[in-house]
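These notes concern the structure reproduced below.
So that you can tell them apart, the chains are marked A, B, C, D and E in the order they are listed, and the count of residues begins at 1 in each.
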């Protein structure tokens, strides 16, 4: 429906190839609502993330972005359709995945450093080494002074950064992030984006990144998925051809960037408006 | 609590174990309808812990207790006056059993070093056991007493050899004799054998009330005595079998023969007319004062522990 | 840019969702059947081993009874009544004491837990006395109650109350203290009075704590009532057990216990129903969600 | 330190006047850290919000923004200094305040409508009326279809909107909001901003609004507080003289707006960078 | 644009903070003194009323003893020993049984609670049997244990175990089920094995549940041990009570209960210490925060 600029190539959805890192194939997921009916959260959903690819997902609130990530982790099972990770059907919660939850999921009884060291310790890294790496990551997210604090003694943005360090330290091959930077101020956010891109290019991970900030999506991604208002399905997919490496502080002023953002923005706005008008109706 | 709640028409009597043969006259009276015949509305309450029964009686919540006579003596030493008005038995109905594993114990004189089972410390079985031992020349400390309760726990203690001998009542006696796990060492189920063992009659199961209650309830006391005396006469004139037939089935639970057999062996302990045997109270005092700390140095007036007035007047 | 699927495809998709959901329901039914099956299997194996053990002398039925003996006993009680009167009357008497004791103990425990949980000073001052009270042996308390309250229903109820109270209190107290502080603050700011906070935030938060304690404490109330009857009674399951014990009737003892267990299960079922109703807002664990 | 344009007048902090809606006077607040030391969260903090004024607070993450709001609500007490609301010292949690928490504080056992109706019901509004108003507010935040859902059945952004409705329905004279729109997509966010401005001008409430989005702050506020990196104190205060009523969808393209945002942005950036370099140091 | 305050002002400010913090500490100390004072006041008023009641015949000391009588009894036990031997030996015997029973019951309850809480199928199948077991009157169990385990320590320990087990189980089970699902999911994704999840997420989450049950169940273990001694024993506080009861010695009964209460309080103190250590990560309620 949108014109396709060279930089933001609009793709047509196709059955996912077998070797994709993440392949969601024609998935529908329904929840039981409080009045006993079924509610479709996502519908006929198809999405592919190749190995080493950075995919961003944008869409109106409540359209099923978090649900999609939960499908990939195995926390939710599709009603119909298949989800594959690294070619294997998702049957249980995978250890190869890194997942930054939308809400807080830190362990309140562990201090910051114990929270961050949890992953390596679970995976059998020797204690001293795990704590060294944890200390390193805590410094990278700018919390060196707060190593010994417990989560409730941190501010919202600090907690989010602990969660980021906790996930990044595991160097996951597949990284799912649900609005990870929304509680951060612009400057800290940019620093975190740089960390993320650094980690990504170093590990050649596959990333799915959910955000409401379209500019962030365009700045980071190889591919942007625009979802329709709930029940969510893929409205359009854009390939972002901005050159890498990208420097977050500067890319926003890139002419090509502005152009791409505008195209996707128009596409998205249409959808958001639709979602809103629907939200105002009563009934399902 | 401590209010004298003597409802005019309803009389509550606590029985220290309704299914026990030594207290059989209580339920039997009820079963035979003798209370009703006297125009009494009697309610029997079960309480296996003797102390509970006495406390209730003293607190005035019940009018009478069917229990061991020796409590009247013991309580007098603590300044509480209760009286036996009908005496059910003139022998304790207890038997000192010895485990079949210990044939070397042939008399209480062989108790040295043994562990002896009693139902509870400070109970009648405690005093009787000690008395038997001392009468046979032992000193306290030569033997150990172990409270094991009655019934199953007593049997288990014998089986597991935790006690070498012990004192208990029917139907525990019958059960252990039947399986051959124990033999009778000292039999105190009949007046004769009791005299032999203790040197006198030993009045045990009785019906007692607060002395103060008698004063204000002479009429009820008399009617109760009438009913119980009738029952004592019934027991004396009927066979164990016939008596057992009157009892609720639950009390002999599937093994009536055993019940009858026990009753036949123990029937002789009951007084024929509910009267206190003449030398009985002395024997009890003798046994108690030897061992019970609370009796030491106390003057007991035995005449205030029982009365035969009502039994004498019973028709 | 979604491929607009032709109508027939749409229909096929709808069918496949319906089919998937039917499969999920069937899975649930199968699981339910499995649970029931396993429960029965365990019960049967247990009873069979017991019966055989009794038959072959491994277990002495004189002490430990046997399933067939228990059954005969129950049957005779049902058809012929017990020595104390009809069986249902015994059950009724014990149930009445238990329910009263349970209700008083639970309400008291919840109330005390909430009051002390909400007021730190009261908690600091009084919790030590509650702890002292909890260390008093119930059997001794039983005698004290009988002296103070007589041999009627009151003393059994009181015994059931003290069995229930402490468990419920401990949980209600801790449940109140665990209530989320942000949620309490939110209610306060939204305009809730202390009483409203207690009713709409504290109690719902503490509900799973309270319910957990109710589950275990109904059994305790039953035990309290039975022990009370043991110490002295005219009627009731406790007296039935006591008589059976005195008469060496192991069948009777175990039969009475089975009847008590059935009573407990019936009430347990009711509590669980209530629980499901009260906590229907709860998220299912991940993976049990969706269909 | 920044040039002051006419639109963004930089104010110098002064002792708060007695009739201010909110007056934080020279407050210091210290927490006990896990190792037993004291940590200063905010220091020598002075802030005044006049009746009917809309104040925004921006600052690096962890600088004490949420702490400041907690002081106003009475959830936290200052170590030294005074906090006054409507001229009265804050001694307990006030009912005149509306507070949108940074983290979720919905009642999980209440459905959306019961959550939103909570405030009126607490304040004694008849049931039918409370529910009518709740229904109205639920529709305004676009959740009419989700009235009966429980919070755990909603997406992150939906939950946040329930929290907004829950607060707005009380029509508070003093409104404190801690990053209320960060979980929303741009379109929904704009709609919510409009709702907020509408409510504010209708009720003449005094608002303190914490955000990481500087543009949002400038677009909404009469006055923007820029805080220093923790221990937080007021770095500068700007008065925003953009004309009202403001239309959120358009104001971003206003030339004056862009200018003001740039000035404050430079001021803020300096602070954020400082905060970051400090965060990297260990110790307090 | 902060006003750079001159050095002297800075110093004044630092002093005022120190002063404010000193005030806060003093407030805490005063509160502590208040609590202790109130506790003592209650104790004294209670004892005084009891003593006066006994003196003036409102309370019959034959049944309910009196503080002075209790004190004399304890003193005579301490100086002259009890009829069963020195007092400390009775305490030691009962404490040993109680601790063993408490430890076994608590560990068993926690283990069973965790296993069943983590495994829905096992929970569905077995929890019904646990409920049945919980409805068995402990006094009856007491005789069964004596028959099965003899009159030694084992039967008392077993009785203490069954008093403790169900309370701890119920709480551990529910505590496990209440563990935050997002946190479990996070641990799983971070690479935790099921065992690690149990050790590092489930148990810490359930800790306040388990601790709440331990508080109440130590008292229960004590009760179990004492009841066991009641049914048959050579030594122990239960025997002391039972002997005193048999001799109508109310002073002895109450004195023994006071000793039990002191034992319970000492252990309670230790559990509270442990609790404070374990849950030191917990946020203080709002308003108790900061200084």
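Just so we're on the same page, a contact is a pair of C-beta atoms (placed from the backbone, for glycine too) under 8 Å apart; a residue touches a chain by one contact, two chains touch by 3 or more.
Only a predicted model underlies this, so the values are computations on that prediction, with no experimental measurement involved.
Asks: If we look at chain B and chain D, which chains touch each of them?
Replies: C, E
Asks: Which neighbours do chain C and chain D have in common?
Replies: Shared contacts of chain C and chain D: A, E.
Asks: Distance between chain A and chain D based on Cα centroids, please, to the nearest Å.
Replies: Between these chains, centre-to-centre, one finds 27 Å.
Asks: Please report how many Å separate the Cα centroid of chain B from that of chain C, as a whole number.
Replies: Result: the chain centres lie 41 Å from each other.
Asks: Between chain D and chain E, what distance separates the C-alpha centroids? Give it in angstrom.
Replies: Those two chain centres are 45 Å apart.
Asks: Just give me the whole-number Å value for how far the CA centre of chain C lies from that of chain E.
Replies: The mean C-alpha positions of chain C and chain E differ by 22 Å.
Asks: Out of chain D, which residues touch more than one other chain, so two or more?
Replies: Residues 31, 75, 103-104, 111, 150, 153.
Asks: Can you list every residue of chain C that touches 2 or more other chains, as numbers and ranges?
Replies: Within chain C, the residues that touch at least two other chains are 63, 143, 147, 185, 230, 245, 283, 286.
Asks: By residue number and range, which residues of chain B touch two or more other chains?
Replies: Residues 49, 51, 55, 59, 151-152, 155-156.
Asks: Under the stated touch criterion, can you name all the chain pairs that qualify?
Replies: The list of touching pairs comes to A-C, A-D, A-E, B-C, B-E, C-D, C-E, D-E.
Asks: For the complex, which residues does chain B have touching chain C?
Replies: Within the complex, chain B touches chain C at residues 1, 5, 12, 14, 17-20, 43-49, 51-53, 55-56, 59, 61-62, 150-152, 155-156, 171-172, 175, 248-255.
Asks: Could you please specify the touching residues of chain C with respect to chain B in the complex?
Replies: That would be residues 62-63, 76, 80, 82-83, 143, 146-151, 230-234, 239, 242-252 of chain C.
Asks: Quick one: which bits of chain E touch chain A in the complex? Just the residue numbers, please.
Replies: Going through chain E, the ones touching chain A are 180, 182-183, 185-193, 196, 200-201, 204, 207, 279, 281-283.
Asks: In the complex formed with chain E, which residues of chain C make contact?
Replies: Listed in rising order, the residues of chain C that touch chain E are 34-35, 38-39, 42, 63-64, 121, 124-126, 128-129, 131-132, 134-140, 143-144, 147, 166-167, 169-171, 173-174, 178, 181, 184-185, 208-209, 211-213, 215-216, 219-220, 222-223, 226-227, 230, 238, 241, 245, 253, 257, 260-261, 263-265, 268, 283, 285-286.
Asks: Using the touch rule from the top, collect the residues of chain E that touch chain D in their complex.
Replies: 1-3, 5, 13, 16-17, 20-21, 286-287, 289-291
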